[in-house]
Structures are given as structure tokens and as C-alpha cells.
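Shared between the two complexes below is subunit A, which has subunit B as its partner in the first and subunit C in the second.
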Partner chain A sequence: MAGEQKWDKVVRTTVWSAGAGCHGGCGAKLFVKDGKVMKVEGDEDHPWNQGRSCPRLLSLTQYMYHPDRVTYPLKRAGERGEGKWVRISWEEAFDTIVQRLTEIGDKYGRESVLFCQGTGRDIGGPISLLAYSYGSPNWVQFGLSGQSCYTPRLVAMFATMGDYAVADASQFLEKRYNDPQWTPPRCIIVWGQNPPPTCPDAFFGHWIVDCMKRGSQLIVVDPRVTWLASRGKYHLQIRPGTDGALALGMMNVIINEGLYDKDFVDKWTYGFDQLKERVQEYTPDNVAEITWIPKEDFIAAARFYATSKPAAIHWGMPIDMNPQATVVAQAISHLWCITGNVDIPGGNVIARPSHGVTAYPYSTAELERLYGQEFIKNILSRKIGASRYPMVRDFRHWAQPDLAVDQVLSGDPYPIKAAWIQTTNILGGQAADTRKHYEALKQLEFIVVVDLFHNPTSMAVADIFLPAATFAEKNSLRSWWTPLSALVKAVQVGECKSDWEINLELARRFNPKGVPWKDVKELFDSRLEVSGLTFDQLAEKGSWEMAREGHPSKPYRRYEKGLLRPDGKPGFSTSTGKLELWSKCYEGWGLDPLPYFEEPPESPVRTPELWEEYPLILVSGARSSVFFHSEHRMIPWLRELDPHPVVEINPQTARELNIEDGEWVYIESKRGQVKRKAKVTPIVPPWLVMAPHGWWLPETQGTEPYLFGIWDYNINQLIPTGCQSQSGYGGGAYKTMLCRITKIKEGRE
Partner chain B sequence: MVKKYGMIVDITRCNGCYNCFLACRDEFCGNDYPGYSVAQPFSGQFWVKVIEKERGQYPKVKVAYTVIPCMQCEKPSCVDVSSNKAVYQRLDGIVIIDPEKAKGQKQIVNACPYRVIYWNEEKNIPQKCTFCAHLLDQGWKEPRCVESCPTKALVFGDLNDPDSEISRIIATAKGKLEVLHPEYGLMPKVQYIGIPKRFVAGEVVFRDKKDECAAGVKVTLSSKGNADKVTKTDNYGDFEFEGLDADKDYTVSIEHSGYSAKKVKVKTNIDTYLGEILLGKIAVKNK
Partner chain C sequence: MPRMGLLIDYEYCTGCHTCEVACKQEHNHPAGEWGIKVNENIVVRSQKVTIDYIPFPTECCDLCGHRTSQGLLPACVKHCQANCMMYGTIAELSKVMENKPKTVLFAPR
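Presenting the complex of A and B:
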């Protein structure tokens, strides 16, 4: 059909947020006929994905035009959970929301409203705009214990380097692998991530494969034998939650054997001697005992990493789900610092929002630029978690999620009365202790859910439901590292509006003075000013542009060129101008300035009695190629490929438990039980089971008490809240709880 | 020269992203291509399917994905069983099922030992992959599945053109290329690199030096008394024999000077990790 059919237009745009659902970045071509997207292809001229796409993108039309999609605003007609809704106009929806939130704000204070988001998609910009225009400091990844997704890694890099860094797969260069400046990493450590499915953290998974084709050899740190792990030079099959010990053990080898980059360390780092002293506690023998990795394996891997320059580390969310995650991430970032793999081709390059454009505020500094210092200072002290955690107060303006849910339930130190829940399915997705979050949300007086489909959260608690657009139906902006990208609206579906459109309209109503832009395009143009482009110009360029050579957002070796510091001097954007291995930031936040290891809250070592009763480590959250978190379960072609909520069990373990492949079983912990279909597979070790997260069954009953099956299948019910790190960030125990597997006896189902 | 289309599936490169399957569904579901195919139903048929294969035992495990479209056989058994010339082979080698003529001919489904022909209950016809012949005839260079492959695990082209990529791969990958089930004798034009076979692996440990890795130990794999393969343990004392035939009886012999030799019998009905094999020191008697 591609050849003969006449399209009305082909729109070249950027993939980010609902639709494919992922952290985005790909260029896509949308083939439009009669106002409908008929077909989607990867854009071969886009340097990010070079024409490639994924199952979720290829099934976009099934998502956009799904019969269950909500395409106009709704208000609840019956009781919460009855599933009775009536259609309303946008005008009525906006009026109701403004009236109710104003009443609640006047009565209890504006901080009594939570603004809840999910993962890092096209949402941070619009939701912070709305929260601050309304006047609430409580913008939060509600449910995500310890904010354990990228934030711990970001803060660790920020504290150590004054910047963020990513593995260099040439993504900052227009010519990519053919650019003569670039050289492939000789070694890539893929640490706690399976990048090809769903491409997390603004990193296209196939880049790893592209590098492998160009000679990169892998060290894979993962308890599971992923496709990448089975092709790695070294596979370090780690006990979950012990990544910090592994990083410290690898540094022990690298430092004590003199394999670090001495010149670089002398010239560009601060606190090396203290770090050297600290790593002495982590001898290979100790680390082997902690991590369950044979010591010769990680010794060899450490040597290989340190002696293969350039070498890069690509890491994932399990790092953030370690106990004391902010120091675990710090320790791993030290590996690229002491080996001099910083901002060099094929190393870990400093990543800044492209062109200096801020479409998504990563840090306080950026928030202040966006919303003004005075305003941010004003709301700072009232934010949930700010008084307890200096890091949470200072680094990033999210409220602390574990404390937020507790405060909803306790009303202490001030009451929480309403929630704005935007494109996040809290109860079907990220919330640890699902029941606790359910109880908490049920108590609130007024809840708005903005989403594309009904889900367990909207069914259980929404009073107003606003229909959001997919990426194909909206204009938006992305500068998440590179390139500077535009999302270009191709079509309209029903009455759906983009998160930006919805929030800009409401923000204007709450704070007319603070919202001078007449529409979202004007807002984007103002954000884009520093790039010298307008939104339309960026869109016309095919939806992307790379930063020019010499710009602070363009590699390489910017620390030598004086491109990183505000004063224009060589060095890094830290107080010492160096990479701070002994962290002055951490010290200032009242934390240990050096990394260390701590056992997970439940583990064979810390809670041996519990381990007797529950002798398996429960890991949740491995990614599927066809789903993104709790999305896409209703998309027929995707669901057909991954139809059941499974639990991966090693054949030996299954045999001991007399469990057959395909049999329904219970995963039991001291917090309850969840039903899963056994997938007996050698890719997990005998002492671990893996249960994918985000499972609810859209084809089943959505009303109370069923809520699309979350009480049967949602694995996060077994994850507690309150395990956050001492810093407030990280530590969500999504990968380290203990469990057992039992057969479902007849009559019990 | 007449074109002759073929495909190579490099299993070592496929990371199981399912793009080929989705692109195929996108092309054929709800779309009739008169003269080539009628619409694929929205579920149930897998014109290009991806089989996940995980083999071995902890801690020695391998993961691979095998992509299976219609094999476009040179000697297609589906052609032979069809009546009324409902299934035919084009000059370019593509095997097409004529949806009109094939009505009611369920035997066509059962004729294919690769099980890549599907029965459409509603329309009463057999259906399968066409190599996107309707696109090739419009000038496309490759079918949708190949176009959507992000790792270049799928390569498509003209086998008669010595300059085509597929011909170049065939010229350089000699010995590595195989077909699925050559015993069927149907001469598929879909060829494979890296079809998962059986492996036997293990780790040698010296009983007297358990902390040291037993590197450089000679390991021999033999069947029916003949030494098939010889290897040495690596720096960790690990050894592996890959690419073995299935369901064969082998003996693994481990020899090292100063140690008693050891023999382990293995049947390759599954991939086998033998775990730690302990070698004891030969006792030296005092004279």
C-alpha cells in the first residue's frame, strides 16, 4: 500500500510521550490521509534512530483510534468506582476544575493540592507550569517510592561533575558513526538495563548494538541473561541491590592495581586519596561475598574496563532502586571519573539540554530560570520532604513521594485535599504499596485525571477525566540532551488536547499575569529564543537540529575549553572546578561525602529468618518490547505478543516446587500475594524470580472492586513504601524484596 | 537476467524487537492486494513470526530469536498439493497462493512442514507471507519486515545479481549459511546464519587448588570413540563446545598432566552445562 496510496501529507515529527509511550527521541514519519494517521515509519533522515522504529510505534494507529480511547472530557455521574460518566464540554471541565481547586486552595492552602506525574516524558514542563501557576509546591511522581527513577543518578552526577553525563554513542553528532571525531567505545558497561526494549532514559537501545557492530565489547551487569548479557564479554550476574559494592570493588581493583588514569586524576579530580582509602574496605573477597559474583569475573571486568579507552558506562533504573541509591550512583560515576573517560569520544560525555533550551526542568537552577528565583524560593520551604531532606529541598523541585502518601493519610504537617493526576496510572503502575495509595487517593475531595484511556486509577478515583493527545496529535518541544526536537501535530483525534494545551489554559486562569503567551506555540518560541529558532522553523527542518560546534551543549573535552563553568574558565561546574570524588555537595547536604554499601531492607544477609520463609529474591520491572510501563495492554497486536502477566522462574526452582511452565502460581510475600503465569526459563538464576510491572487487564471489569484486575496481578502491591535512601532520593525496593512461589490449589482460584 | 529473490536471517543479530511482525501486520491487516493476497485477519496469523529460544542452565545460558517467514521454497510442497494451480511459483521464485482459486483447499495448510501457511476460517482460504510481492512489483527493494529491521538481521535481495548485498553475504559467509530443516528437501530461499544448535559446557576445578582457575586443561568431545572436537579451558577454567547436533551421545574427556583424567557422558537432547568438574591429583607414591 505504501507505494500506490496517495497521502495527503507526510508529517516528520519526534516521538515522545503517549503513543509509543517511551522516553522518546526517535524521528517518525506519519502518513496522513483524510485527517487520519494511516501508517507510521521511522524517519531515515533523523540521526537518532536513522529510520528505525519499534513495535509500539508501528502499532500507533491501533492506539490512536482504539475504540476504548476517551476522546472528550468526562465527569463522574455515580459514586467513585461505579464507572458512570457523562460527557461534558472543555469549558465546563475547566470551569469546574478552577472552581473546585480554588475553593480547596482557599480553605486548606494551595499546597494541599498534589500535581502527580509519571515517568520522564513530555510532562515535566506542562505540569510544573500548572502547579506553580496554581501555587502548589507539591509536584510529585506520586507512588514512585524514593523517586527511584533517574533522579538519584542525576543528583549523583550533578554532585560529582556539576553536570550530567551519558554513554557516547555519537548521538550528539549529525553524521553519527561516520563523524571522524567519534570513536566507538572499546568497552561498554551496560549496568542494570536492557536498552533494546523501550529505550529508557533518552537513550536509543539499538545504539548499543550499533557500537557492538563497530567493535565495542560489553560488560553486562544484570541478574538476568538478557540478549545483551548473552553477548557480553563479561556477564556479572549480580545479586540485586548490591551494585554499590560492585562499583566499590571494581574501584578497589582499578586503584590498587594502578589502572586508573593518573594524569587525569591529578589534574581534574578532587578527593582521590579519600576515595582510595574508602575503597580499601571493599576487597574482591568481600565484594564477591556480597554480590554473589565470582571475584575473578569482576576483577577481570574491572581490568578490562580500566584498560580499554575509551570506555563508556550505560546504566539503568535498578541503580536507583538500590538502598542508598544516591551513593551507589555516585560510586558508578566515579568509575568514569578515575579512568578519565569524561567528555571524550566513546566515553561518558557531558549531557546538557540541546542548545541550552529548557523544555523540561531538571534542576532547581533550571526551574529558577523558568519561573523566577523569588517564586521558587517562596514555595520551597512548604514542599513535602524539603524540611527532612536537604537534597530534596535543593536539587530538584519534586516533592518526596513516600512522605507525600503518608501526609495524605496523616494530614501532618498540613492536609492534602486534592490531586491533579496527569498521564500517570498510579494504581496500575508506579505506586509501591498499591493499597496504601488507593486508600490515600480515596480520601481526597477532588481528583482530576488526564489520560488517554480509562485505567485502574481513573476508574477508582477520578471526578473529572480530561482526554490527552498522543505525540502525533500535538505540538511540543524536546531538548532532552540531543537533538533539539519538535513534536509536530499531524492530526486531531476527537476533542483531545495536549498536556501543554490543557495546562496552559488552566495556568492562565489561575495566574493570568504569569502566563503571557497566547498559545503553546508562543510559549515554545519564548523557550526556543536562545537557540535562534522558532517552533515553526524547527518543525520545517524536519523536526530537529543538532547544537553547533563550540556550543556548551556539544561535546567534546569542554572542561579543557572553558565551556562548562559560568566564569568561562577550564574545569567543571563544581565549587572546586574539579570532579569531586569526595563530594562537597553531599557534605553540604549532611551526607557521607564518599560512597559506601548498604544491604537491601530485606535480603538473605540482612533478614536471614525471612529468607528461610521467603527464599527467592523478587525483581519487578523488567521491560517488554511491546509495552511501556502500564500502557499498551489494550493494543491487540502488542498484547498478542506478550499476552499474560508472567513470573520468570528458573527451571531448577520450578522443578523443586513442582511447577510447570504456563501454570498459574502465587507470588507470596509477607505483604500479600499476586497471581502470575509461570514462565520457566533459564534466563533467571535459581534464587530469583522476575515479575514484570504495570499489569492490569483492560479487557476485564473496570468498576470497583475489580479495577481491571490490579488486586490480582499488580506486582507493586508487594513493594513497600518508606525504603527511601537517607538522602530522600532512591531506595525504592522494587527489585530486592523476598518472596516465595506457591502453586494455586484447586478451589482456591 | 531474471530476478530470484531470497532472504538471509542472521540470528546472531536479531534481538527480538518484533518490528518485522508489526510491520507485516501493518501491511497486510485490513488491506487486500488483488492478485497477491487478501487481508490478513487482525489476529491469529503470523506471516513472519519470531521464536524466542533460551537454552542452557544457570549460570550458562544463551538467548536467541529466530525469525520465520514463508521459506519461499524452490520445491514448494504447497504447490504440489494444490488443485487448480491455486498455488504457484513466480519467475522470481516467490510462491503465491491465489486467494480465489485456493478457496476451501485446506490441504495447502497441511502440506507445509514449516507450518507457515495459515487457515482463514472466515474467508475459507489458506494465507501466507508473499515477500511483499505487491511492493516489489512497484519497485520496492525489500519487503516491509526487512525494511523495519533495526539490526540488519534480515537481508533481502536478488540471488541472481552478484552485486546484491545478499549475494555478497552468501559469497563471504560460506559454511555459515544453513536452512531450517534441510531434511525436508524443499530448498528454501530463506537462509539462516547462527541457527541455535546444542552446546555442552562446564568448568574444570582442581580438587587441590580450588581457589585457582584451572586454565589450559585439555577437553575432548568424542562420539562413538572418535574425537570430534578438542578445546582447552579458558582463564576461568571454563570450556564450551557449541554447534553440536541434537540428540547425540557424546563423551567429554578432561585430561591434565599430574591429574586423574575424567570422562563425563552427555546426551544432547538439551543444551547442557555440566557445572564444576573436579580433577583429583594423581597420588605420587614414595619409593
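Presenting the complex of A and C:
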């Protein structure tokens, strides 16, 4: 490239975790001069983003070299919340942590320490390594009520298909849209997500736009008129929390009108007759009444989806936030099963970690190999939520967050005394009932926060603060579907270390036997063995490689080819070998094997008296293009694009309340009030307001009691805990609580 | 030298703000100064809401001469997530425009 001589080097790497912040996958070029990243661009040779980038990635230098960034370890000097810190060495930090956690573990049991992470980034591997090496089963997305982020969808797919699936935007193919194997979906249902602003769940949001240009027509299920909804063939403006009824109603239409794929259903599914019977309860009239979507609209959309092969469904987190989310996700996955849109080009393709490499090292079998069977059996049975929820016990290794916070406060059935908090700003971000989590964390004897900036959580509760690296400052590995990717370290900033480096070092101190690798690169090499590549080889390839044709992690039609089952026979990796519409897994977990609908905990239907007092549905969590959850509020280039914590209000509603655009208002609910700036816009219906989450003001006072303004602005204060599904996963009521809006009178602001 | 311009296909512009920040990084514009600025238009017609975004190059847009002279695309065009920006001669771009509704052509300089 011309002009490269200006730089000492250009490092091609993969974007994932702090920096851009997102769920990642993009290829980036980092331009380095004198040991500093001076500039970043999208990598045009990377098949994921093909040279494109998002605003967060392009602001990387402002993030990495921000004056407020913490670049060496700190220990608390004054009381918690006073904001007094002193610099310490890594050695002192590690020694203190080992000493304190050992004391606490010896006194109360190792399970008394929580290992808390945020969203699905480059963290599951390092944090589980540390938790298990220390000896605690309590690895948890602390605060995320119902673990309502992807896990419910994952478990539903796993139970139904024995695998996971994603909308096929050609992401498994090196030549992408030009690969002759691929055809664009004729129809895409974008269900409960606004992909362009962020890149969720290992999916580049604008792939949807790429498909639209190639002819895909959209059905958008969303209570708001998002940009995609305004471009959709059908927009189903759903009442939040009723997605299960919609899915069942669409199946009612598709099955009763004979629009499903009969050959596929006969050959590859199990339990169709029972499903057929179940959907009869969900007539179009019932479903229209429940969802507030005109009957004609979803009938037409259901017909369009079923008759447009290939068709794909791309879905989002609101599904996980439905009551009984694990059956809602099940019902939606049934749509692609009964229409035969499974593992075909342009359908929902089975997604496995690329090359069979798991960057999260830990299947139960592997854990047993590393730590011994007895140890694993013991700790997994002690995990918070395991005895109450068989699904939580058996599926992935998370502890249940709602029970975890209750247990911190009650000490029942065993005490919780310390927390390791890494990649999560609990009090400024994902925690429902912020005050409850604040009080719980305050009770703990010892808390370590690993992060890049001080935030409300570190300010309120950290005893030790460890500075973490951005993606540009670390080596790591990613195999989240595709391609197999390396994060390649370009530079060092201060004394920051990667999550892997920090955790490997500590894990070794707690349990040398469980850490047979000399350093992180050796660990990655051992994870990569099945791919035939070393970490350095992968990095040299430009940081990525696609799986070869014929590999079980590469589409298409693997169920016909015997590539999915361990026995090599055609079919799916379930007990019947078929797609289980009547779920044997769910039955085994003591749950209804078929999907059904349940009203949200607060709603115009379930709590009509409350609806009179609080006549608006409060939706939190819509994404901004320039922030990732609670991050990036301190980045000048980004913050000026989205400067205020707003609440979207429909013009008619605003008129009735005498509120003008830009005025400050209170959002009030049974649980308290939050301050917001009114954004009057027709993109929300009159019966709903939307308030983005993750708001704190880094430019304001961080010490107690202010904590960067969370008690004024953090919307998740109004969301309760304890609404989790019967399965333990899903149901966090982040999108369905009731509220009212009042104008802030002069002098009250 | 033929005059150069930017063609925006606003059927597909998602309002993602990438072009704005790409330009900031390239020119090191401070907060408050823009080479290109995204505008939002929301129209409600017979109850249907339509959202259009259009990025507008400002006085500060120099069409990334230091990049294009090296054969590189302008920073905004290269990074646009919707691939809805084109750089070229006004003659080429106006040809594209003839066949593509919802486009707008800018000749900033």
C-alpha cells in the first residue's frame, strides 16, 4: 500500500472486546509508529467486514490513549467510594489477591467467591480458567436477570437441533457473496434486533443490508420503527414480551394452510403432530389480541416467510427477555425447522466453532481431564442455581444471576464473600435492580475489578483495580463460528495486561496442575492443535482462516452428509437424530416439551390497575451506533454524536403530557424514577417509551454518593430481578415493565 | 482534471455515523468540527414512518486528496458500513445516478 513507509508496521488483527467493545469479528489494520497505534482502518482483505468499520473502531486511538485510562494496578487507599487509590506493582496485586482469596476460600469455602463477567467477548475462556483453578463453580453474568442474553436462544437451539444456527449471510465462505454456493435469502425475518448500530452475537450488522441489496426482503418484528423496519416489506409492530404468541400464531398459519415443508418435516423432524396440536390454541384472532399486531399483517408475513425459500431468521436479545424465554426461542427456531430452512444456503445454517477449535477451553470432559472428575462433579453441583434449575445445571457452566444476588444478601444456602469482576460494569450496565446489586456488592469482604477505565462499579466497590488491555494490545484467539481468528498484539500501553495473561498467571498460582501451559501462546497453540495451525501461523495469514470444505464446521446440508453426529450417520446431533419439535431435552429437565405463551409480569393485560397508573411500556436497551453497552461515554468523537441519556416518546404522547423535544423528564415506575431528556419521535408507538441503557456520565463526580450519575440516569434501576423463566434462563424484564413520564418542573432538575 | 464527487445511495444509508468518524480520524478534526455530517429525515405519511439518512459533506471536506492521490478511497467511502458511498468523476457518478433512485451527488470542491 502506498504511504506505508510512514509507519513502523501495519498489524492485521481481529477486533473483539475492549476498544471497539463489540462481539467482534472484523479484520482491522493498525498503523503503528514509535510503539503507538496512530490510526486504524478496516482490513479490505478480511472476508468479515471487507474493509468496512464502525465508528467505535475508528475512534480506537482516542480510547487507547485516553487520559482517564487506568494503565497500572491500583489498590484502594481510603474507604470504598472515596476514590482514593495508590499505584502498586503487578507483583503486589497478585500477592494480595492470592492471599485474600485463599483466606476467604479457606474460611467460607471456595464457592463463596463469584467470578463476574459481562457480555460474550474475549472473556469466557480466561474467567472460567481462573474460577475453576481457584475452585469456585460460580462463574456468572452477575446482574443480568435471567441470564437473558443469548443463552436462552442457545439452549433452545441446542435442545431442538443438537447444534446452534445463524442466518446465512455467506459468512462461512471466503468469497462471500460471490461464492456460487451461496444464494441470498429471499426473505429475512429480523426479529427483535436492530443490527446496523452494533454487531451482535458474532454477526456483522450490515450483512443484512448487503443481503437487501441482493434482493432479500425483510419482515421486521420490532415495537419501534427502526431504519430496517422502515425498509421492510412487513413491519410487525409487536407489544413487547409477546414474541412467543407471534411465533406460535405464525406456525398456526403455516401449518394449517399447509405451507410447511412436508417432505423435510417427515424426514427430519420429531414431534410435529404434537406441535401441530399445540399451535391450534394460537389462532390468528387470539394472537392479534395478544400481540397488538393486526391479524392480516402477520398472516401475510407468515405466508411470505413460508413460501420464500430460502428464508432466514436473524434474532436478538429481546427474545431472551420474554417471559419463559427458553420456549419463546424454541418456538421461533421451529419456524426454520418446519419450513426446511435448515443448513441450506440463505437459510439458518448450523454454526459451530470454526475448525472445531474451542477458545472457551471447557467442555465438561475437558474440565475433568484438567481438574479431575470428582472435583468437577462437586463444584458443578454446588453452583448457584444448579439444584433449582436442571437446565442451569446441565447447559453451559453459568451460575444463575438472580439467585446469585439473593444469595449474597441472604447467605443461604452458603455465604458469598468475595467477587472477581472482569469486563463488566455491573452498576452502570447490565444489573437489573441496581440498588440491590449495589447493596449486595458492598457486603463483600474483597472485590477485584479488572477494567480499562474507572466506572461506577469500580468506584463503588473495588479494593484492587487491575488494568486490562484493548484488543490492539493483546494476543488472543477467536473461533466464534467463523473464521478462525487471531487477535495480534500491536503495542503495549502502560502496564496493561490482557485478560488471558492476568488470569493465566493467577490460575497458575492457585492450581499449577490445572495450568500446564508456559504462557498464553502455548495455551492458544494447544487449543489450535485440531486446526493444524499454530498461533503464529494463524497471525501470519493475516489473522484469519476459513474452515475447509467438508469440515463439520462448514455448511451446507451437513445433516444429509453425516457430518453432525458423533456416529457419522446422517441426521442431527439429538437423541432421536431429528430436529426435536417436541423437546426430549426440555422434558428431561422437567419442562413443557412444547412452546407456549405467558404474559409479562407487568402488562396492560396481566396488571390492568397498574397500567392505569403507569400507562406506558418501558423498553430499555436499544443500541446506539457509537456506544457499546456502558462503554465509550468518555470518547469525544463518539459522545458528541449521542451526547445525552434520552427517552424516546411518541409525539402524540408528548403532546398529551405537554412535553417538548429536548425537555428533561422523569421516567417513573413502582420502583423509582430516572431522569432523561425527551426525544420526541414517531419511531415509537404512543403506548411505549424507549430508554437506552448503560448511561453514566464519566465527566461528572465518580465518588460516593454520586457514582458518575447512575442514581439519576441508569434505567435498569427500574427493572426488577426475580422474573426469570421456569427454566432459570431468560425472562429478565428489561423490555416489559410499566412506567409513566412526568415533566421536570423548573428548579427540580 | 475532471471534477470529482461523492455519490450517496440513501436507500441504504443506515445513519451509522461511520463516515463522520472516519473523516475525523483521517483529518484529526476535533469534537465539534465535521468533514461530513449525517442528517436524519423522518416522514410520516398515511401512518407509515419512513426514515432516511443522508451524509452531507461540509466546508471541511477536501475529498481526501492525500488519499486519492495514492490510489486510496476517501476515508468515509472506504469505511461506509452500508457501502452506499461512491467516489468518482461527476460524469461517472451521474451515470450511476440515472439508474438509481434515492441517490444524491455532491461536488464539494
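We take it that the second predicted complex is superposed on the first by the 729 of 749 C-alpha atoms of A that agree within 3 Å, B and C clash if a C-alpha of one lies under 4 Å from a C-alpha of the other, contacts with A are read in each partner's own complex, and residues count from 1 in each chain.
In this section, contacts are C-beta pairs under 8 Å (C-beta built on N, C-alpha and C of every residue); 3 or more make two chains touch, one makes a residue touch a chain.
All figures in this text were calculated on a predicted structure; none of them were measured in a lab.
Overlay on subunit A: subunit B and subunit C clash in the combined arrangement.
By the document's definition of touching, of the two partners only subunit B reaches A:Q652; subunit C does not. Of the two partner chains placed around the shared chain by superposition, subunit B and subunit C are both touched by A:S59. Shared-chain residue A:V140: touches no atom of subunit B or subunit C. By the touch criterion stated above, A:C337 is placed in contact with neither subunit B nor subunit C. In the superposed model, A:L641 lies in contact with both subunit B and subunit C. Contact with neither subunit B nor subunit C is seen for A:I238 once the two complexes are overlaid on the shared chain.
Residue contacts after overlaying the shared chain place A:D297 against subunit B, while subunit C stays out of touching range.
Contact with subunit B, but none with subunit C, is seen for A:P686 once the two complexes are overlaid on the shared chain. The interface of subunit A with subunit B overlaps its interface with subunit C at residues 1-3, 39, 42, 52-55, 58-59, 61, 196-197, 206, 209, 225-227, 230, 625-626, 636-637, 640-641, 681-683.
Those residues of subunit B lying in contact with subunit A across their complex are 13, 15-19, 21-23, 25-27, 31, 33, 42-43, 54-59, 61-65, 135, 138-140, 144, 148, 150-151, 213, 235-236.
Those residues of subunit A lying in contact with subunit B across their complex are 1-4, 39, 42, 49, 52-55, 58-59, 61, 196-197, 206, 209, 225-230, 237, 294, 296-297, 300, 625-626, 636-637, 640-641, 650-652, 681-686.
For subunit A in complex with subunit C, the residues that touch the partner chain are 1-3, 39-42, 44, 51-55, 58-59, 61, 196-197, 205-206, 209-210, 212-213, 225-227, 230-231, 625-626, 636-641, 681-683. Residues 11-12, 14-18, 20-22, 24-25, 30-32, 42, 44, 49-51, 53, 70-72, 78-83 of subunit C touch subunit A in their complex.
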